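For reference, the structures are reproduced in the following blocks.
Note that chain A is present in both complexes that follow, paired respectively with chain B and with chain C.
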Partner chain A sequence: MNAPGLYELQKRMAAAVMRPLTLDEQMRRRDERNRSIADEVDSFIKPNDRLNSFERLEIYNRQYWFRLFSSFEEDFPGLKSIVGSRRFDRLMRAYLHEHPSRSFTLRNLGSPLVAWLRENPEHAQPDTDTAIAMAALEWAHIEAFDNEQRPALTVEAIAALDDSTCLSLQPYVRLVEAPCAVDDALIALRDASQGAGAQASNAVGIHLVRRTRSSKPAPGQIYLAVHRHENSVYYKRLQCEDYLLLQAFERGSSLGEAIEAAFTDSPLSEEDRLAHVQSAFQYFMHMGWLCEPLPTEAG
Partner chain B sequence: MKNSFKAMMLSAAVSGMLSGTTPSLHAASLHNGAQQLGQAALSSSAMQDQDKDKHACKGKNDCKGQGGCKAGDNGCKGKNSCKGKGGCATDGSKKH
Partner chain C sequence: MPANRFNAFTNYGVGIGLRVPHYRHILEKKPVVDWFEIISENYMIGGGRPLAILDSILDQYRVVQHGVSMYFGSAEPLSREHLRRIKELVRRTKTPWLSDHLCWGSVDGTYTHDLLPMPYTFEAARHTAEKIRQAQDFLEVPIAVENVSSYAEFHVSQMTEWEFLNEVVEQADCGILLDVNNIYVSSQNHNFDPCTYVESIPAERVAQIHIAGHSKFEKYILDTHDHPVLDPVWSLYARAIERCGPTATLLEWDDRIPSFEEVHAEALKANRYLTPQAAEPLAVTA
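Right, the complex of A and B next:
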């Protein structure tokens, strides 16, 4: 087969395998233009002695989607616990319909989820803000786990700083704010799942029953840095001023702009602000969270 | 923010960064900071304690599947409908 012929065949196969399933998770009988999929499949897939062409392709079509579903569920158990299993199932299908896998890795499957939930809040009801914050935390966890680590600021670079110097936040440090304690809720959910998993591991054939709804996260605004330290992911609660500082650096602000943004509405006294800013920057550097912007970021 | 206070904040930020870059400076600064700066320093020195962070994935290998580890294929749990049906053969004529 020549190269264009092979490419066309691969395109047809990919389109067939990645075509969305029916609601009862079977392969569709008709395509988007109401053409018979069986006829299409017969033209390029042979039957065997037990399955016809349609049935053979259906196996791959279903496995493709089952893999996406299970990966998505694995990445967002906290979101599922908040919206509940049924709504989560609808949410997942609607999301994957609009944002099908386009990456070589399933790691990126949930990349636009938070933005999509903000545009489609009906899928995150009734605790919409909590659900979106949980999704943001779960996506931040994925990014913190394997985002790039750049060289931290050097002493020489710090010594040359002035208020117009732009700084950048390490890509593996992700910031999340939430109207309730989604961090505690997610950790509790993971602990519960692991406990259930450990119990089930000794009993072959026993179905693992997971809690699909957690108790509501405790209300109260929180600010988080989700970061990686020695190859583990941590959720670090921040004070509002620290969060605003880091958020400003994430935007590529200068040192002076970041301090202005963080303390303009701060209730801290001037004396406390000085102590706070010194201690905060000491911590940021201790953790290696600040770095120089890339040439493209610095503009 | 007044310019003079802004300059003081900037100095505090830079001195904090410098003290955060080396372990010896870091330790000394923490000690002095806690003594001299009262409640604010104490609360923020608590920020230095890594143990105060919430470890998001306790236990061994708990970060598996949290991104970047999608190589393991457990996605077909309980749904492996192709077993024994020949669906995996590349040649339609192949018999199992």
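Right, the complex of A and C next:
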């Protein structure tokens, strides 16, 4: 199956549709090499008696960006509250230009955002670490909302554990650490937006927020498990040791390696560590957060 | 005519799109609705609330899948992984037929999330039909392709939109989801007679009909799905029903969504044409 003419035409049109808008949300007149976009569009789009070729394609160009902006803003209201409206707008345009959607669903639009912010910290200033942590929390929320739930580890499987056993985290449990209380800030923001009349995102369940800047999250390192229980997403604060334990499982470490990673810098005494691990496992089991690794994850 | 091989010989009546703001009303009040159409992509996920709600709806209602991302007209081949996920959902919903659009929207793995118009060429028709055949073979349910609304036309086109639609569905041997609002919107944007379009489609292939509202601007009409159905669209719908017989009909209302009752009442106006002998449509019952 080959359609070279079709491919070339679609490539040209897609480039025009996805080209960034001007600051006043119009289609650009010149491309990156200063060539006339009107000339380019004229060569494949017909005008009609009311619109020229450029104006006809501009409808698609604007729709493309408005759709992406709307989805991104719905997914990251917390990030917007940290960096402010103006910086958020610049951040959003730069990010979406570098990372157009590579998925059939807009749900995944923010997937590379945290990595991109780390590479481009100037977009997250001045509270860079807080902004990145908030973006990580909001992406974790999206994943916790609708990621798969695998069969939880059974009591029998737990009883058979030894140091070399590898465990896995449920795909709907995501780990986030932050230099301040981004969890409280996001919950407060969402509460404030309730009743604002905005439409909830189908994938995320976060409402659009009218207020664009919140008070700063309270400082202090936190460790979070963002998870789902009875189809609602929760942010559970963890002790550092528990967080490191889960993080090691997420990396595919064995039980022995995970315990070592959890307590390397821990102030807990040797005697207290065993009780701590037992208590942590009881909680993880109660929540069903642990499962067996898929064959592709094991070893 | 309404029950045909393209809708698995079903005889569905008037449905509405399943939308998030109506979830609670539907699950609590259990209104009488012939069927719901879901956007497949909203449920092609691992788990969580959307799938739990879908399962509750499936317990009580008939559901038909409607997709927005198969992009039969994109030059790139179908994604096997994407098809596998759709098939997983097909098994869950037991949709009797499945629809997606006669359009393209992705190039080299980058998605526009738009329903972009096709160049109406024989090359594009052959390519698109082949992809529809492949999808139909893999998914093992009848596929109906929907005509999209459009705002641009290509110099390279070799035929009209309805000739292209006919060419594709004949080659693919698939059904048509006839969107009469889209026909009207495109007719105004491209200066053709919408009745000619409706008269020209192979009526025996129409599996389903879409109706919706649109917005008129100074120089073009936009397919916004945020209004009740307008009179010229009802007129086209009436003609389509005359040609196709009483066909499964669905109202799309996707933006500025009013109450469930308002959306359903608007959809039920279709009964004036589907069952003209009947009295006014029944009120929604709780």
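FYI, the second predicted complex is superposed on the first by the 276 of 299 C-alpha atoms of A that agree within 3 Å, B and C clash if a C-alpha of one lies under 4 Å from a C-alpha of the other, contacts with A are read in each partner's own complex, and residues count from 1 in each chain.
To be clear about the criterion, contacts are C-beta pairs under 8 Å (C-beta built on N, C-alpha and C of every residue); 3 or more make two chains touch, one makes a residue touch a chain.
This structure is a prediction, so every number in the text was calculated from the model and none was measured.
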{"item": "Partner chain in contact with A:21 - chain B first, chain C second, else both or neither", "value": "neither"}
{"item": "Chain B versus chain C as contact partner of A:261, first or second or both or neither", "value": "neither"}
{"item": "Partner chain(s) touched by A:273 [first = chain B, second = chain C, both, neither]", "value": "first"}
{"item": "Contacts of A:60 with chain B and chain C, given as first, second, both or neither", "value": "both"}
{"item": "First (chain B), second (chain C), both or neither touched by A:229", "value": "first"}
{"item": "First, second, both or neither for A:104, with chain B first and chain C second", "value": "second"}
{"item": "Touching partner for A:50 - first (chain B), second (chain C), both, neither", "value": "both"}
{"item": "More chain A residues in contact [chain B versus chain C]", "value": "B"}
{"item": "First (chain B), second (chain C), both or neither touched by A:171", "value": "second"}
{"item": "Partner chain in contact with A:10 - chain B first, chain C second, else both or neither", "value": "second"}
{"item": "Residues of chain A at both interfaces, chain B in one complex, chain C in the other", "value": "45-46, 48-51, 53, 55-56, 59-60, 63, 67-68, 105-107, 145-146, 231-232"}
{"item": "Residue ranges of chain A in contact with chain B within the complex", "value": "45-51, 53, 55-56, 59-60, 62-63, 66-68, 70-71, 74-75, 105-107, 141-143, 145-146, 152-155, 158-159, 161-163, 183-184, 186-187, 190-191, 194, 226, 229, 231-237, 242, 255-256, 259-260, 263-264, 268, 270-286, 290"}
{"item": "Parts of chain A lying in touch with chain C, wherever the complex brings them together", "value": "1, 3, 5-7, 9-11, 13-14, 17-18, 43-46, 48-51, 53, 55-57, 59-60, 63-64, 67-68, 100-107, 145-149, 171-172, 199-200, 202-203, 205, 228, 231-232"}
{"item": "Complex contact set, residues of chain C against chain A", "value": "20-21, 41-42, 44-52, 69, 73-77, 79, 82, 104, 106-114, 116, 119, 121, 123-124, 126-127, 130-131, 151-156, 189-191, 219-220, 222, 257"}
{"item": "Chain A-facing residues of chain B, complex", "value": "1, 5-6, 8-10, 12-22, 26, 29-30, 33, 37-41, 44-45, 47-48, 50, 52-59, 62-63, 65-68, 70, 73-77, 79-82, 85-89, 91-95"}
